[in-house]
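Each of the next two complexes has chain A plus one other chain: chain B in the first, chain C in the second.
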Partner chain A sequence: MDTIAETNTMAPLEQFILDHYGQEPEWLLARRRRYGSLYLELPLPVRQRTPLKNRKLDRIPVLVSQPVTDISPNSSMFNLVTVNGRSVHATLPESATAQGVVLLSLREALRQSPELVQEALGSVVDDTVDKFQALNAALWQDGLFLYIPPRVNLTEPITISHYATADATAVLPRTLMILDRESRATVNEQYVSEAGLDKCLWSCATEIILHDAAVLQYGAIQQLSASAEAFVRRAARIGRDARIDWNIGEFGAGMVVSEHLSVLDQPGGQTYSTTVFFGSRSQHQDYTATARHVAPHTASNMTARGVMKDSARSVFTGVTDIKKGAVGSDGRQKEKILMLSDTSRADAIPSLLIEENDVFAAHAASAGPIDAHAVFYLMGRGLSETEAVRLIVHGFLAPVIDTIPVGALRDEVWAQVERKILE
Partner chain B sequence: MATKPQMLVNDEYQYGFNDGDVGVLKFARGLTRQTVEEISRIKKEPKWMLDFRLHALDVFFKKPMPRWGGDLDHLKFDDIVYYVKPSENQGRTWEDVPQAIKDTFERLGIPEAERKFLAGVSAQYESEVVYHSIRKDLQEKGIIFTDTDSALREYPELLREYFGTIIPPEDNKFAALNSAVWSGGSFVYIPKGVTCDIPMQAYFRINSENMGQFERTLIIADTGSFGHYVEGCTAPSYNSESLHSAVVEIIVKDDARMRYTTVQNWASNVYNLVTKRAVAYKNATMEWVDGNIGSKLTMKYPAVYLLGEGARGMVLSIAVAGKGQHQDTGAKMIHAAPNTTSTILSKSISQHGGKTTYRGLVHFAPGADHSKSNVKCDTLIMDNDSTSDTVPYSEVADSNVEMEHEATVTKVSEEQLFYLTSRGLSEEEATRLIVMGFIEPFTKELPMEFAVEMNRLIKFEMEGAIG
Partner chain C sequence: MSTPVLEIKDLHVEIEGKAILKGLTLTVKGGEVHAIMGPNGTGKTSLAQTLMGHPHYTVTSGQVTLDGQDILAMRTDQRARAGLFLAMQYPSEISGVTTANFLRTAINSLRGEGNQIPLKEFRDRLDETMKFLEMDPKFSNRYLNEGFSGGEKKRNEILQMLMLKPRMAVLDEIDSGLDIDAIKVVAKGVKSLNGPEFGSLVITHYQRILSYLKPDFVHIMMDGRVVKSGDYQLAEELESKGYEWVRAEFSTPL
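And now, the complex of A and B:
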């Protein structure tokens, strides 16, 4: 195990990059160095409702552990597993490989399809926005690469697990997915970690490129331990008549700042996004979902449902951004929050930024308590109060969770909801 | 559709004339400690007010310019004239008012309106109130309606008790500026249990180029009382910028109800940066009816702090942004007591390259049990060059509350247009009808003559607009 203790000046950082990434092609090394110096320059992200000022980043030990093979439970269930940022396992069903589907660590993909990676890396996610993002761009570990060839229709979901052990201090996953013309796939990413004594920084980046008429069901379920602080940035560029469905379940981590962005820059592109979050104890959750309509006749629909208990705090910002020229576009948002405690707090900022008149844009947001009459009714039928509350939370989330088209992901989300209700 | 929806409010400004230089005393441009001391000296103010002003000036210099909202880069504080005295004395009868100023207000229709239906009228020209009257019978009931400068002389205790308590200078840069150089504005006190069932009206007019108008209004509705205050604003059109930065503080005590109606129709060279806030105590009701038609940039978010159990707050607003205009408006509702309710209804129209922004906040503090809020924002974008942002913030820190928010952004519906034109209406008439229907929830809340004026403004400007 090798760590870097000092990342507050360029010299040791550069040495670190040379020591650990020296085998990589020159363009990538240059890129890492560039973002390394940007990481030192850039300020911490300024989040209006998530104070980050007091975080000390200059002594993050970035773990570069040896690949481990079977540390993650049930690793055989997954097509790809990363442990502390290192890829340990990648398998695809015979049928998929036969059709030319590629699933590799990103570093391996650099050897196999260097042009594809060079062209796509950093083209969708903006790595210059803040310190955490630049850190990911500079020091991402093994990463993950998925390519679906034209017209391939993958029926089985591809499942990926990111796992961190208790001693991990910084995990920097980077995912790049390219779906070629008219292909279809389902991908689920899962984030799990062991509870650690010290804080663990997760800085995650997922880039998705959908070529014309490609369709992706993207699922992510975050159940990190309370010692984790996660900064997640996901972005998809959506081709002509292509479509992405985001299904995001947010349950874990002591603090999480997560964004997902859909760039609709070709006509007919569509994005549907469902976020389910459940805050408990002293969790701090800050989510942003953005649909950027650039091309005409694009559609977006973003839904969020959150349940808040204990002294958890959440912020949900939805942004429907319709640029000039995106005529005939349709952008909608709906946010609903169920408050289970007086000490929790939920903020919602559903914004519409509209530069075009021939469009339809709407949002609705609401927050409210658990219906006392409903609890009373259920208890009158012999249920305990806990059981009644559990049922009502189920009823609140069901319309959203049950629309998740991937069975395994849906079940996992429900399992997490159950866990949180009882927590 | 062959033709596009037509203009709603003409960008040509009706009240853009000016009267030349009529002031009897006009300060040099720019703001220093001397400016503030001089204003206070001319007004023969007590020491505490001068101290208040000077403290506010320090706060103003210290505070950075807001980096959000509209573009304030072209606002140069050094180019503004901070005080202009238009006449020697305040008129008690209409005849006392200097002829040039009288002509202006005649053209704006002020005295005529007063004769008809108002409880009292206050007319502010530049920095000072030039004319003031209140109906005798209301005065006898104990209602005070005067300008804030006179109130400082005549009701010093009452004023000092409340002045600056709702909006302290530290609140924001422009509240600090107003606190330092304020002049004019209205002071209203409605005694316990008194109902003032006809509106009191104030009229604000800027005449000089680069004028800064900083009126300061304080309204106290005592226990169980009711009042309705109406204000209107206009200014001449110049090529350089004027600044209107008012502070309005309102206290609505237990069981009282206050309504504050504004129709702001500044010329398109005026920065309108206003802080308006009310506190509502037990079972009190505060209503803001807020129309923003003119100005270059308006940043205004009327607020109600619902501090007493059962208090109610309402904001009903429209914003119309035409060529080169940005209306950055909204509302704030702070629920800080149980069983409080609030309603926000916002209607925005952007046309001819204008921009409207709805920026609002609904906050539920811990302990605001059984409180409810309903927010609805609708926007019509009339053409391809115009834009609109909707940025509502909601903060919920109590489990026992209900918050609902809805917003839409659309163009004039083609189905509605089709339906109306198939009934024999021209497209122009149909568009007008749809727009009138869109803002009707606002106009129906206006006092009669304001609603008539509003409809006239819209109808008149739409006539012959099709091309």
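And now, the complex of A and C:
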């Protein structure tokens, strides 16, 4: 760590931007300054069920810069790796480069295709939405840029690892993906960190642009250590007849506020979303999945399954937002949460905001304790209590996890579930 | 294997502070079929659940041993591993877990680490047992008890019993809600285990299943204890005279 400075005034922030991002194009520097000042102006986000005040987030130093070192485990298994927000390597199989696929660190993409980055950056995610999003917009260290040319069908998943070391205090990666018309790709992002003595603030942004008839299988697994306080925001703009499948597994971090948004502003766009989460110990998890239907004949289907144990706390809000004019749209959501302890808490909050008459919308939500009689029944057949709970949790999650189309991702989600059950 | 002995001595049980069993004494040995009959609310199901260790029931005094081992000190899974089995009146539905997968997990839990049943052997035994119980083979791939009819659930309990081969089984109203053909199949299942290494305690309201099982002993339970014991004749007597007859006899000294 070479610099830590006061963060509550503009002067050091401005100096930090100049010192660390001074080589960037003027428009981006101006952008960073603009969001830097917004970050300072904005109060802590107010989240009804997630009090942020007592988490001492303002004590975490954010004006930090760490050397670029690739010390993440299994780094070579990934197409792109960021360590403490800095991209350390980006590689693509030759078959992909031959088809014109571009995968670069975001900073390298700024050098190679500045116009494309300028046009896309911040065009999908709303960087003004809260303090920590503004922080990412101001100080993002690096991240990735992916471009899939028209009609290219990438069969191999592109895998990305975001890693942080124990001494990291602010990790701010940014992902920008553009799938051109009729292209197909699978992208999996993974978030891992070493356990730190001090808290580490993560603010991550993933922006996705799907042109007409593009199809993206997007997967993410979050398994940050308990010292992480994470804010994750993902958004996709979905073109005509395009489709995104979100498959998100949430397991780690001491606290996480995570949102993913699908903007269906062209006819025929579709979004399918599966979120699996498992909270333990004193984890606090706050998730929001939103499908915003703007254009006619758009479809969304959002599913969430969560398991809570110990004194973990979760909130899952599903928002089906059908705007006036989105005739013939179809929005569905279903949330189910299983609680394994008396001291865990979970809320499933389905929300339907419907301004149009000629639509179909449906929701179902439930949160309840594990059936003690079922545990007794299974133990009566010789299963230990852990094994009985494990079987019930498996049965609860299987109908959702087994629909994840990407095998490696599915296996990883199961592995994380297994780890959490035994934890 | 030796002959199992289940001994219940002066058992007192409470549920939420209310006395349910009030000094129940009973011994079941391998090779014997015992039936417990009695009106609703006399503690028959409480006895079954207590024997298996349901956390809802609190034993306030008395003893229960299986082959001399204190089972009240054991967790539910340890009781199962000691050879005790309870066919439940209301089996739980376990979503997302197939009957086959569950049975294999259960068999392996009973056999212990490093002694897992080979898949082929398991499949063969399952197929054979289901055929014996006249069950549709598709049954094993359905989620455990989920959406099963009452009769299917009861048959599934017997399937589990035959697959797990307990030494001492408690069957709690295994016949309720079954038609006569299903009762015959269930009775056939229970009888297939009969022998010196298997004892059973059959809880029922009805004489019908007993006419197939031909119990060696019939006990009548009232108000938390056994008030009258006899042989199979007692069940027939009950059938013709009803419980009022016992109740009258039992309440005279009070």
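The rule is short, and it goes like this: the second predicted complex is superposed on the first by the 404 of 423 C-alpha atoms of A that agree within 3 Å, B and C clash if a C-alpha of one lies under 4 Å from a C-alpha of the other, contacts with A are read in each partner's own complex, and residues count from 1 in each chain.
Going forward, a residue touches a chain if its C-beta (ideal position, glycine included) is under 8 Å from a C-beta of that chain, and two chains touch if they have at least 3 such contacts.
The shown structure was predicted, so the numbers you read here are calculated from the model rather than taken from an experiment.
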On the A-aligned overlay, A:D371 touches which partner chain: chain B = first, chain C = second, or both, or neither? second
Based on the superposed arrangement, let me know which partner A:V359 touches: chain B (first), chain C (second), both, or neither? first
In the three-chain superposition, say which chain, chain B or chain C, touches more residues of chain A. B
Contact-wise, after the overlay, does A:G380 reach chain B, chain C, both or neither (first, second, both, neither)? second
Check the residue A:L397 against both partner chains and state whether it touches chain B (first), chain C (second), both, or neither. second
In the superposed arrangement, does A:Q118 touch chain B (first), chain C (second), both or neither? neither
For A:P350, decide between first (touching chain B), second (touching chain C), both and neither. first
Quick check: in the complex, which residue numbers of chain C touch chain A? 52-55, 75-77, 79-81, 85-86, 88, 90-97, 102, 105-106, 109-110, 143, 160, 164
Can you tell me which positions in chain A touch chain B when the two form their complex? 308, 324, 337, 339-370
Chain C touches which residues of chain A in the complex? 371-374, 376-385, 387-388, 391-392, 394-399
Contacts from chain B onto chain A in the complex sit at residues 366-367, 379, 381-384, 386-411
